[in-house]
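Everything below concerns the one structure shown next.
When the chains are written out, they are named A, B, C, D, E and F in that same order, and each has its own residue count from 1.
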Amino acid sequence: MQLFLAILTPFFGAALVAGLARHGRTVSAWTAAGVTAAALLQLLPLMAASFAGTTTIERLPWISSAGLDLVFRMDGLGVLFVLLILGIGLLVILYAHYYLSARDSLSRLYAYLLLFMGSMLGVVLSENLIQLLIFWELTSLSSFLLIAYWRGREDARSGARMALAITGAGGLALLAGFILLGHMVGSFELTQVLASGDLVRAHPLYLPALLLILLGAFTKSAQFPFHFWLPNAMAAPTPVSAYLHSATMVKAGVFLLARLFPVLSGTDAWTWLVGGIGLTTFLLGAVLALFKHDLKGLLAYSTISHLGLITALFGIGTPMAALAGVFHIINHAIFKAGLFMAAGIIDHECGTRDMRRINGLWHAMPHTATLAMVASAAMAGVPLANGFLSKEMFFAEAASAGSEYRLGWLLPAVATLAGIFAVAYSLRFIHDVFFNGEPVNLPKTPHEPVRWMKVPVEILVVLVLLVGIFPAQTVEPLLAVAAGAVLQGPVPGHSLAIWHGFNPALWMSVIALVGGAVLYRFRRPLFQLHDRLDKRLQGRLIFDALMQGLFGTAERLTRWLDTASLQRQLALFVVSTLVLGATGLVLVEAPLTGTRALLAVDGVSLMAGLVLILATLAATALHRQRLTALVLTGAVGLIVALVFVKFSAPDLALTQLSVEVVTVILLLLALYFLPATTPRESSAARRWRDAGIALLAGGGAAALAWAVLTRSNDGLAGFFLENSVPGGGGGNVVNVILVDFRGFDTFGEITVLAIAAVGIFALLGNLRLPGPTQDASGRAWDSDTHPMILATFARLLLPLALLVSVFIFLRGHNLPGGGFIAGLITAVALIVQYLANGVSWTHARLPAHTHPWIAAGLIIALLTGLASWLFGRPFLTSAFGHFDWPLVGEFELASAMAFDLGVYLVVVGATLLILINLGLVHRASANPEATPWKP
Amino acid sequence: MLSSALILAFVFVAVAFGLSFFRLLRGPSLPDRILALDTLYINAIALLILLGIQLGSPLYFEAALLIALMGFVGTVALSKFLLRGDIIE
Amino acid sequence: MEALIALAIGTLTGCGVYLLLRARTFPVVLGLTLLSYGVNLFLFATGRLVIGQPPVISGAANYADPLPQALVLTAIVIGFAMTAFVIMLSLRAREEFGNDHVDGAPPQAGDTA
Amino acid sequence: MSLITEILLSALVLAGAAFTLIGSLSLVRFKDFYTRLHGPTKASTLGVGCLLIASSVYFSVTGDTLSLHEILVTLFLFITAPISAHLMAKAALHLGLR
Amino acid sequence: MTAHLPIAPILLPFLVGTLLLALGRLSLPAQRVLALVSVLAQIGAATALLVAVSGGDILVYRLGDWPAPWGIVLVADRLSAWMVLITTLLALWALIYASHGIDGQGRHFHVLFQMQLFGLAGAFLTGDLFNLFVFFEILLIASYGLALHGGGPARTRAGLHYVVMNLAGSTVFLFAAGLIYASMGSLNMADLAAKAGTLAPDMLGLARAGGLLLLAVFALKAALLPLHLWLPAAYSGTSAPVAALFAIMTKVGIYAILRSHTLLFGDSAGALAHLFDPWLMPLALATIVIGTLGVLAADSLGRLSGYLVLVSVGTLLTAVAVGTNGIAAALYYMPHSTFTAALLFLLSDAIRRRRLQHGDGFTPDADMPRHALWGGLFFAAAVAVTGLPPLSGFIGKFLILRAAPGQPWVWAVILLAALLAVIALARAGSQVFFNSQAATVAQAPKSGASPADVTLSGVSSARELLAVGGLLGLILALTVFAGPALDYANATAQQLTDPARYISAVLGGRP
Amino acid sequence: MKKWLPHPLLTPILALVWLLLNNTVAPGHVVLGLLLGWAIPRFTLGFWPERVRIHRPLSLLRFLGVFLFDVLMANVAVAGLVLAGPRSLNPMFVQVPLDLTNALAVSLLANTICLTPGTVSARLSSDQRTLLVHALDCTDPEQLIHTIKTRFEAPLKEIFEC
């Protein structure tokens, strides 16, 4: 639990600091420092334990079934990194307090820093690889926030985005790599993974896994060719750079190399990839660093270069090299953090970081100068500074490893060359800044900063010297446990000392030092050369171009695809449906025509069929004259009803007929507000295309229908026919199905109708359209609003129609009819009143809003369904009985009838609500009494 | 005999159907088309009754009844549309 | 007979689709109406064509399959509700856009229509 | 059923169908709208009337009870057909058809 | 009462919706209370249902007491219960957000809302193909009303397209149902699954056509390529709470695909087995690609969110296509994607109404009030939606990748999509939140304010925060309790991949 | 009285229609029919407030007889004209002045005219004093007007008015 809590501490701390924002800078500084210290204290006992050689592992079950528990591990490597993260973290917190100007919110910075700290701890203390990745990505996210700290600045935003993009990409690759690794090993937990190196290296998936993991590591550690995000991340406040970009986050990559060293290393692929990339980066970084005029830029590239050095060391693959790598991780962290802080001080004091303007600060700030010089001596690898020791080791390894491979001589050669450049840029850092004449019009006049701002640097410099002079006494034990954890085995014999006698490494150092001095002396021509190349060789430009291209293409493609055109969507849908349906039908070797005996066609049917088809075609052909098309559609509807009659579906016929009438009225009501004709817009080509699609669709439907009609298949009919009378108490099987067997469908169906009405009512809102004052041909409307004859007979018909609807309703259960048809008849009868006598007249006699009817219908239906619960039966269970009353005679009552009553009410209510409100859309006909009512 | 009479009757009505539909297609004026539709409805009634007699089933009667009762609504609405545009005002 | 019905279904569907692909709301509504006629007939046809055997229990030997008829009835009702809604929506669109183009804007030259 | 009824039925059926046909025929034969208007409103009503009587007779004979509800169809037609005719004529006049 | 548990989540919203309709003149606050109570009750019912089925037994509810396949049955298995629970939880927060004033901008919002839930619950629970159609129609007609709630040309246009597209879809659904009935002689899904194995060869073609037409319909609902075009406009066009609720709408399509993919056309379906397989994976991957392009191209948070929904659809269906483990992963990812989508829609609306000039467009604007808070919320949402650690999105993606070893295409597409989403959201976020002139918090009237705008009273923004926080809470819970959730998902996947139990549960003794 | 039985005429008519609809005279249906015949007018009272008075029931019957006979004649006549073809007829519009004032009566007249001798009532003048009638085949408009007024208008007038 300790580890878990220790990792959580910074996260809580972040929240705390953010919360305490308004209590001033000092408070937040102390809180942040306190949190860090607390985390350190919690970890100390475990660190002591791992010094004793025991690896602590803590487990919290999380997603066990996916092999993803929260497992934490504290071993030597962990110790090392915990010290770096928390130790340097403390110094950075102290430093930032003085660095940041009063305008900027310190607590925000601390909050972000603590977030990062926690994530970083998580990375180095994870036992489970996936969990490690989670924290890994968290470092990317928090660094995004940190880099974009000055959110007002464009370079900060773009730098943050670039860092996130690249490290994020690496993280995703890493995820893939880890999953592969886990797939090979059968577990994501380091203990197993580290133990099964041979298995992994032999596995066919080894190479892809290696590549993906390295992608992750290299992006994080800014290895070539992903190095360019680091210099752009320098837009971050200097404390951030000192922390993330020297000591911790960029180390995560090399940490990963170290962590997985026993599993992945030892193959040629590893050696060539890691060694090659590392060496390239080492050299490239060193070279580019020399030419940066920006103080932090120089440091950034030197960081890249040193990371390359470490990578190269792990790439060499020998235990000794690995040990050297670990050692250099320590050293680089120490001196580079110091250098960044020094640079920060200079920036802080001069208001600029341009080395062409900052000159001769020696007089202004001798103290800072001394500190910076020692640190950069370590960077250059000058004896007595810690950097010298690890670099020396590197040279030694390079020399020895070089002898083993073909072209091996390249290794020491490149190493030395890079060493020369390293010395050169370190020299430049010292000479340009502190000597080299007078400052050039600085914004501020520099002088020594406040005491406490230098303390962190001093501490680090002291460490530099201590390690550099008495390595064996100071760093040795830490190095030993760390290296042991990396190698998962015995640590090779080594002696940390300044003097190993005259060996190749020493000569390489000498060459580097001397060569560096010389190179710096004659740097001018190189600078000109570089300035010419620089324009083209910047990774950043390439990255930006990439992004531009990406967004541009995306926009173009999307605009091309996603034209907000309904017709395209419909066409796509129809075509895809055709394709799917066709593949379904065609890809089986069964004839389209089945074996069912066919009916002979008779004259009337033929005529009716022809009329149907011709009317449809005509309606389509004449669709521009809308009213004509409407009339033709009416004919189509009539014939469809006749078809239903012909093929023994009287209920359908009745329904179709009544719906037909209502639909026509509906369309007429709409047509009044729409143009009378459709303009000819579509190009001929397009019309042909649509015609083609339509033809295919029609053909497809016809083919399907034909295939269906020529095959017999007894569906579920039998059961319904048998149980209709005994079970459902009704002779009209269709109606019994509707209100009983499949009553739930009807339940939903009336709901649809109700919602449609309500939705339409809601949709119309206060919609008021001005009706045209004259018809399409410019003729004024007839003056006679309500023809008297029509009015009279409409009233005369109303009682008759109601009577008929009652009749249809009552017989529905046993004979064609039912609540739905009855409802429509009633509705039509009432609508005729509107037609004949107008809205205001009718509203004087009918409620304008039939919501209550609809609601009542729904409730009745619901209650009928629920009633069966009282008898312990499921929803909608029906009951019926025959009664015999004197005088009245014998009659049947079925609960289904109550349900049907609900249907009736909903239909009447909905239909009226729809049509009336549509009628009210016309401004003129909207009289106050009928204006929409507020819910 | 009745059956043969029915067949002949069916032919008559079928032709009637065709003629009305011809007018529906031909127009020329909208009232013509509406009239044709109205006639189609009346023919449909005839057809339904004949069908009822032929199949000896009274189940088709209500359809005829419904047409007689509501068929005219469409016609009226269409005419009103021509007269006033706004049919519910 | 079956061929005739199949042909009718095909025609209704085809014409429905064609009208559906027009650029103005009213043809689209008409198209939907035709389409629903077509699909209703199709659904009805899944009970196969039977003459003179309505599924009303009357002691007859055999009846037409009542289930498709019930389904079609439901489909008709739902179709009616949906048509009504689209019509209403087309009016709303007419007000909002000032025209009856389905995309709210009459097409620019050479644009889709 | 007896021969007489069958003859009667056949006659009625044929007459009805014939009148219906004539009603529609007028749609084609006549030249202008107003004259066409007469066909359906009259001939058809009679045609349908005959058919209805036929059906009434038929079902009264075959069925067990007297079947008179056909009368209703005629009744409704007598009420509705003229209304449609009247309004169509009105519309035609409004549109100024000649 | 427990006997009626399966129908409870269906009847509750219906009852309340009807009541709201009956009591039409009820005051808005009263309506809100009623609706809230109803939703809470539904959550209760859904939870009870989940508990009831989590053991693995399948509850069958015979409506009208008629035996399957003749009567309609409701079938509650793990999948259905899971979906219903997700729906109700989502509904709660959408409702709370809506109650800050949007619900008052049109009529009958709450009626439609409840009816929408009615349709959703029914669609998830019914075991009958045609009944599924009916419930599709219910939730669609309700969604039409909701989508157009508030009005405005853009909304009307999007709504019109949405409606017409779905009407076309419904037509195809009817064709499909007809074909299935004509060829297989049943509508009950279990019965169909049972009959699929022994299908007469000359019926095969029809059955296959029917099945694939079903796929077309469901793909349209799920917005699977190339039937996705309606989605971004419809979702970014409508009001925020509705868009949030719509986050479940695409899932209905996915549910239907998953159900038919495993039940009707599963391994035991004989000649019909694996009918969807050749289509699902390619289309799903293509959807991810297109969606990601849209995400990159989006110029406002609304559209961005819309396209992100598309990506999540693609991801889910990819997972479904992968196989059993993939289905488990998809089931875990389902609630996550639903809640994050909703979260994004709500957030972008809240942000839109707080920025002075540019709404939710990616253009610098003055700092909004409580900039840091909303910024932080957006950051969290972005992390969740891009599948970055530590939120459930990452777990979901991890599970999906893990389920698809040796399918490099899946890996490549999903990982690249994630990366590009990160890039796009980083750009969006830095444009909206980082790149802004500080201060000037004054509420100047926004140019071209959409009708959906309401004044930011204290109460309303409190409700907004509550809703957003609630959704974030759900996502966090999904992360912390990922273990149990995944176990449930695994169990569900197992249940789905062997339909025999489902069939026997529905048809009783009959095989 | 008026409140409880607004249309004493309508009740039996509806009851009769009900029996016709059901094709039966079963007592249950008689009861039900009367019930409906009483209920429906109550509910539709608003739509048809003024009570219809039949002054001369007998003349109503006679009128019905005449009417049916004329319908028959008219149909045959028109059928003949149709068969004879367009050449044989000369259509014309005729203005028929009206004495009727009662709306129902006027409407009935218009209907009658539609159904009987080759005429269609085309338009009622706004002041409801004249009815424009289209005759299919008319040689003497005066004659036609006279027929209409005597044969139909007069009886209707004595049935519904005065």
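To be clear about the criterion, contacts are C-beta pairs under 8 Å (C-beta built on N, C-alpha and C of every residue); 3 or more make two chains touch, one makes a residue touch a chain.
Just so you know, these numbers come straight off a predicted model, no measurement behind them.
Visitor: Comparing B-D against A-C, which pair counts more contacting C-beta pairs?
Guide: Counting C-beta pairs in contact, A-C comes out ahead.
Visitor: Taking each chain's centre as the mean of its C-alpha atoms, which one lies nearest the mean of all protein C-alpha atoms here?
Guide: Of the chains present, the most centrally placed is E.
Visitor: Can you check how far apart subunit E and subunit F are, centre to centre, with Cα atoms defining each centre and the answer in Å?
Guide: About 62 Å separates the centre of subunit E from that of subunit F.
Visitor: Using CA atom averages as chain centres, what separation in Å is found between subunit A and subunit B?
Guide: One centre to the other, that is 61 Å.
Visitor: Once you find the CA centre of subunit D and the CA centre of subunit E, what distance in Å lies between them?
Guide: 58
Visitor: What whole-Å value do you get for the distance between subunit A and subunit F if each is reduced to the mean of its CA atoms?
Guide: Going by mean C-alpha positions, subunit A sits 75 Å from subunit F.
Visitor: Two or more other chains touching the same residue: where does that happen in subunit D?
Guide: 23, 25, 37, 39, 45, 67, 69, 72, 76, 79-81, 83, 86-87, 90, 92, 94-95 - these are the residues of subunit D that touch more than one other chain.
Visitor: In subunit A, what residues contact two or more other chains?
Guide: Touching at least two other chains: 564, 566, 568, 570, 574, 606, 630, 646, 650, 669, 671, 701, 704, 708, 714-716, 720, 742, 745, 749, 752, 755-756, 759, 763, 782, 784, 787, 789-790, 793, 796-797, 800, 804, 815-816, 918.
Visitor: Please set out, as single numbers or ranges, the residues of subunit F touching at least two other chains.
Guide: In subunit F, 17, 21-22, 110-111, 121 touch at least two other chains.
Visitor: Show me, using the given definition of touch, all chain pairs that touch one another.
Guide: Taking the chains two at a time, the touching pairs are A-B, A-C, A-D, A-E, A-F, B-C, B-D, C-E, D-F.
Visitor: What residues of subunit B sit close enough to touch subunit C in their complex?
Guide: 55, 57, 59
Visitor: Tell me, which parts of subunit A touch subunit E in their complex?
Guide: That would be residues 61-66, 68, 130, 133-138, 141, 144, 148, 151-152, 154, 157, 160-161, 164-165, 168-169, 172-173, 175-176, 179-180, 182-183, 547, 550-551, 553-555, 557-559, 561-562, 564, 566, 568-570, 572-574, 576-577, 580-581, 583-588, 590-592, 594-595, 701, 704, 707-708, 711, 713-716, 719-720, 723, 727, 740-745, 748-749, 751-752, 754-756, 758-759, 761-763, 765, 849, 851-852, 854-856, 858-859, 862, 866, 868-869, 872-878, 932-935 of subunit A.
Visitor: Using the touch definition up top, name the residues of subunit C that touch subunit A in the complex.
Guide: That would be residues 1-15, 17-30, 33-34, 37-38, 40-42, 44-58, 63-74, 76-78, 80-85, 87-92, 94-95, 100, 102-103, 106-107, 110, 112-113 of subunit C.
Visitor: Name, in rising order, each residue of subunit E that touches subunit C in their complex.
Guide: Within the complex, subunit E contacts subunit C at residues 130, 134, 137, 141, 144, 148, 151-153, 156-157, 159-161, 163-164, 167-168, 170-171, 174-175, 177-179, 181-182, 187.
Visitor: Under the touch definition given earlier, write down the residues of subunit F that touch subunit D in their complex.
Guide: 17, 20-24, 71-72, 74-76, 78-79, 81-83, 85-86, 89, 91, 110-115, 118, 120-123, 132, 134, 136
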